[in-house]
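Here come two complexes built around chain A, the first alongside chain B, the second alongside chain C.
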Partner chain A sequence: MLKINKVKQNLNIWSICSFIFIVLIILPNLNILLNFFSSPNENWNHIKEYLLKDYIVNSLKLIAFTGLFTILMGTSLSWLISAYDFPFRAFFKWALILPLAIPPYIAAYTYNGLLNYTGVIQSFLRNSFNIQVNQKYFDIMSENGAIFIFTMFLFPYVYTITRSFLEKQSASLIENARVLGRNSLEIFLYVVLPVSRAAIIGGVSLVILEVLNDYGVVKYFGIPTFSTAIFKTWFAMGDIESAARLSAILMFMVFTLLVLEKFLRGRKKFSYTTAEVRPISRQKLNKSTGILAFIYCLVIFSLGFLIPTLQLVHWSFLTYRKILSVKFWGLMFNSLSIALFSAGLIVIIALILANYSRINENLISKLYSKITVVGYSIPGAVIAIGVIVFFVKLDNSMYWLYKLLNTNSDKLVLSTSIIMLIFAYTIRFLAIGYNSIESGFEKVGKKFFEASRTLGMTTTETFLKVDLPMIKPAIFSGFLLVFVDILKELPLTLILRPFNFDTLATKAFEYANDEMIHEAAISSLIIIIISVILIYFFYRIGDKEVN
Partner chain B sequence: MKKNFTIISLIFLLILSLAFLSGCSSPKEEAVANNEKVDGNNENTANNKKGVVNLYTDRHYDTDEQLLKVFTEETGIKVNVVKGKSDELIERLAREGKDTEADLLITADAGRLHRAKVQELLQPVSSEILFNNVPENLRDRDNQWFGLTVRGRVLVYSKDRVNPSELSTYEDLTNSKWKGKILVRSSSNIYNQSLLASFIAIHGEEKAKEWAKGIVTNMAREPKGNDRAQATAVVAGEGDIAIMNTYYIGKMLNSSNPEEVKVAQNVGVFFPDQEGTGTHINVSGVGLTKYAKNKENAIKLMEFLSSEKAQKQFAEANFEYPANPSVEPSDLLKSWGEFKSQNINLSLLGEYNNKAVEIFNEVGWK
Partner chain C sequence: MFIEIKGLKFKYKNSQEETIKDFTLDIKKGEIISILGQSGSGKSTVLRLVSGLEVPSSGTIKIDNRVIVDNNTFLFPEKRGIGMVFQDYALFPHMTVEGNIKFGLKNMDKKEKNKRLEEVLDLVNLKEFKDRYPYELSGGQQQRVALARALAPKPSLLLLDEPFSNLDADLQIEIREELKKIIKQTGITSIFVTHDRDDSKALADRVVILENGQIINVGNPKEVFG
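== the complex of A and B ==
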């Protein structure tokens, strides 16, 4: 009797919903992995013989160099900002996050438009001074160019995580080293780098995941990597089987990376070195070194934000008459409504999952939260292919139901609708909403929940009346984070959207690919402005928490 | 009791949100589709009687909309247009199978049209009008697709550094005198695949492979960028000769960027192989889908698009040559002079596509 009661208790609406969500996340991805074990077709042999090596080498090169450069840039900047005083330090402290507001694919075509033969710089040199430059030095559409773009626009991941670690947790170590007579470089090499290892690795793995997820930059620059190869095999060769096989390899790479990250972090988790959290006392740099530090920050800020944004503003002025039409407002509407709706849905699902796993602290709930988080590390190309295969199967098996509802129904209802895209967003961005809500729950703790249950409320009632109001800020920030990520998202939207459904991101990318870079400017700029506002907002929240 | 109530209300909430989900998606999709639809507004009632034709197309020109409007006015048949990237449209056709709503597929390159044919997405059309309007070599051997516009893949050279009298054939580009001078885009592009396929069809595999190898040796840089980027690279001095499609020069001459116009003005267009087998041409064309539900209307639209009346506007929208030989090309194209084109059936471009891709990969043409 007791046992049955227990089962009953566990089988409430929360556990059922959670179970369904988790299964829906796993199924499409399982599909891809299973493909690995089927026997390859003829096309695959061709790919393996001539192309696969290039895909692997290029992808590895991109992640290795981007990883290295973002570490150098991110840690050096976070060290400068948190341990020294120099002109405009407070401004750069938050301005150096801004490159994150520009999605790499937008940066890629902006830089190309800026640097190529018909761009502003070369035309100016040519027309005003009659200087013909060697194209080699201005060619950004190459592997090196892609590494530059990824580094300049993804380094803030390393910068923000490392900086907040240094600011909060390393004060005593660094000050001791100073007292013991170490110079700045020594402190950086022997103290800062080792203690912030976990933070740096955490940041750089986000960078690497973003690089593997990228489709826009490598497609535009024509670099054969996994994500371009998956789409090419799928669309141009019409071979979804081999595309899924490529996806499986990529997924394998990602999982290796995640294991590696765990391993590299070692047992060191983020933990305070002392119980007392206080900021480092900053050293004032003398005039000349202060100016050097200022220039270093300014150059990076200009390359990573100011220059591309100004270029986009200029192009917007050239094209706004042509672009700002009824159709453009349609784009805005599409972008905003799908981002709002998906973000809302994702937050609801994240709430259910997070609430379930905090109430039931057992193996299953731990597994659930692991699975939820893994979704974010799977590249868009892989999710796209998994989701489409899954939905076509789903439509085929639900055809009888459609017929029942409407005798003239088409067979492919879900897989030609926008639901497929929203589903894919959910797999990819659930982790972001989940993390934010989970940390909200952690802060609140379980005391109030238990008290409420003791007083006779059900789990659901408690959730609605007690928990929900208390974690409102976490819900809100989770919602905004997901919202801005969906607004910027490219590969999933590009592939899974219904036909004739354009968003700001897809339209900008299409213009750029049709070599109409000027026309892409306004859409890009709107994406950037919304992102900047939200980033500023988060910065304020984060800053308040520190103080 | 209380518990039951909350469960019921939660389920209700779930259903409600699902309803919202579908409600949110379908009208929006329609609304957007409506934007793209070409409506014969004043004759709505007539339209409904005469029916519709659904078109999947990779073209996106405003002039097409006007043209389709004319068609609707003349026949009372409404045209619904779905625009997309060519490969994606074909993929979608394949996915939709029997349930597709598409009646017609319009897409560029015979290689691609052939791919749609091989995937059994098209069906043959037997129409005297189409046979008369579209020359035999510009349509599928089994009449599953018909070329509508023609483009040449030509040599574009630097007016400063190259004397056109030095140019002759595609084969000549592999001559050591052009070492480090040739600009061409990646082999993953279908235009290059079709070009090589035509050589396989005309000269055989051996020779085609030799040619591809020779071009790789003579390349000025690793293949990158699209066709326009090759012309720009010629003017920028990275190489002397670019292999590219004719219509891009037209597009560049009409670009919103004055620098790009200058580029186009500084290059010359040369039609190779005039003494021999002729310049490589390709088409963008139309095919009737295998599961078309409005077959008659669809064939009427195909006939209309190949007619003298429509051809000029249809071809000029993209600076291409009309497929219908009785229609004159635009003044710009005429200024480049007449040319002799390869005299092979374009179906062969599709048939040899796989072979061409293999050769490219073997000789290391990126």
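== the complex of A and C ==
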């Protein structure tokens, strides 16, 4: 009898909405996995025989080297910044996050424009010194080039997570090691690296997920990987079945990675001490080592932010007369309005799911939050395939309804509309909004909710009057994060947008692909500026709060 | 009997043992009950079960002959008409004292609300503080606001979870007396939970001693403490 009661108690508008959202998230992805078990077509045999190995090897190579280099760069920088004092340390502390503001695909064509035959470097050498360089050394459009781009623009994931771990968690350990007479290198190798293992792995797995998600860089550089293969199989060969099969393999790789991450991290979470939070007391470097540290940071900052940004500014001056037309404002409007609308929708869904799982702490709600978060690790290409297959099926099964409403109705209604794109954004970025809101709820705790209930308010009234105003900052920051991510997003937008719908990101990518790199500059710069403002807002302000 | 609790049992999801084993207690109208026990004895859980914040695995609770929990019924906390003062007060930080107190008065019109606000502020002696925010008040003042907030909707039962644990030791005795005065003045039936036998002695009409989720002794303070 009491079991029934519990069911009744849990059945309300929150649980029903949450259930519907979760089903909508699962269905497209399930489609892909199920497709894997159907018998393959001829195309697939061809792919398997001649191409699949390349895709796997290339993807693994990109992952492995990018992972390795971001670890080296990210941890060394975070150690330098958190344990030592040197000129401009405070500036670099947050400036080294800025490479994240430049999406890798923008970096890729900017660097190509810088380094190619007509680019500023070669022209300068040619015209001033009459030096003709060997093109081989200036060709970034290769696998090594892609690794360079990914490393330079994704290492801040490792850097930020490891740095904040080191600053907050490890002070007593490091000071102890210093007292025990260990030198800096020994401390770094035997203390810092092992204790921050969990943070480093957390950071590098974000890097790897980004690499697997990338479509812009590998497409532009012409490297056959899973994401380019999925698009090619689908667009060029029109074989959606094989595309889904490739997606399933990629998804499998991602899940392996996630399991591996859990395993490598062990039982350690990011925070490991129970003692009070105390920053490390920094050592002042002497003049020459201080300058070396400064140069190391400056080189990385220049390569990862300053140089490409200046190049884009320069190109913007060359092209603004041509670019800033009515059409361009249309792009701006498209980009901003779809990002605003989707971010708003995502935040609302995240609020409902987070509130549901906070109130009902049971197995189902735990499962829900796992599913919600997993979307972010699924590469854009996979989500795109899943969503399109799902929407075409939906259209097919709703055709009678379209007919009923409009006798001349096309067969494909939803799958040619912007709803499909927004749906895909929601699956991919829900995790970001959700994590932010969930941590907001965690900070507030449950006692205010309970107090409100004992004062006669229902769950929904409590949500509106108590929870919502109290987690406003978390909602706001979740909204901003999602907003910028959508603004930068490329693969989903590229495939799922309705005909003739362009955004800043897709237009920039199209220009670059059509050998019109200069024309891509203004759109790119706008994306970068908005991202920089957000990073400044989050890390600079957030940092002050902690200190 | 005004309040009848019969055979209440409860187990937290991740624990092996039942937190509450067969809790039975009758309470007269206007009585002040103290549940005394060490941490982990389940004393706060009893309050959470009575207020409806947890669902018992079995047992019955009736208030004034109205069933609020049994095997077929579960009344949500907002339907029970029970006031609760939380251990750390849980005053809404984004509302003033006035906002906090009026929060539970949702079925009154504006005039009634203001009247009730004045009444309870008078009771806890905080009239001039009604526009302050919780963080602008001392611990003792916060507690009185929490009490006023819980009393404002005129609940049939008042629950207090460790009402003195967050206060400085030298304030405790003074505040204990004050609390007793307020509760007696309103004549409300109350249950408060504590780990300090001095609190029980000073405040309670009857003391319930809880150990490992089981009642091991009930009686007036003289009987229980000898």
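Simple rule for what comes next: the second predicted complex is superposed on the first by the 536 of 547 C-alpha atoms of A that agree within 3 Å, B and C clash if a C-alpha of one lies under 4 Å from a C-alpha of the other, contacts with A are read in each partner's own complex, and residues count from 1 in each chain.
Simple rule for what comes next: a residue touches a chain if its C-beta (ideal position, glycine included) is under 8 Å from a C-beta of that chain, and two chains touch if they have at least 3 such contacts.
Just so we're clear, the structure is a prediction, and the values are computed from it rather than from any experiment.
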- Message: By the touch definition at the top of the document, which applies to A:451: first (chain B), second (chain C), both, or neither?
- Response: second
Contact-wise, after the overlay, does A:362 reach chain B, chain C, both or neither (first, second, both, neither)? second
Looking at the overlay, what does A:327 touch: chain B (first), chain C (second), both, or neither? first
Of chain B and chain C, the partner touching more residues of chain A is B
Inquiry  = I'd like to know which partner A:465 touches here: chain B for first, chain C for second, both or neither.
reply    = second
Going through chain A, the residues touched by chain B and also by chain C turn out to be 458, 461
Listed in rising order, chain C residues that touch chain A in their complex are 13, 51-53, 55, 57-58, 71-74, 76-78, 80-84, 86, 88, 90, 92-94, 103-104, 106, 149-150, 153
In the complex, the residues of chain A that touch chain B are 13, 46, 49-51, 116-119, 123, 132, 135, 141-142, 221-222, 224, 232, 234-236, 238, 318-319, 327, 330, 334, 337, 341, 345, 348, 388, 392, 410-412, 415-419, 422, 458, 460-461, 495, 498-502, 515-516, 518-519
So, in the complex, the side of chain B touching chain A is made of residues 2-3, 6-7, 10-11, 17, 21-22, 24-26, 28-29, 32-33, 35-36, 82-85, 87-88, 90-92, 94-99, 101, 115, 119, 186, 188, 190, 223-226, 228-229, 232-233, 235-238, 256-257, 259-260, 263, 358, 361-362, 366
As the complex stands, chain A meets chain C at residues 1-2, 5-6, 8-9, 361-362, 447-448, 450-458, 461, 465-466, 469-470
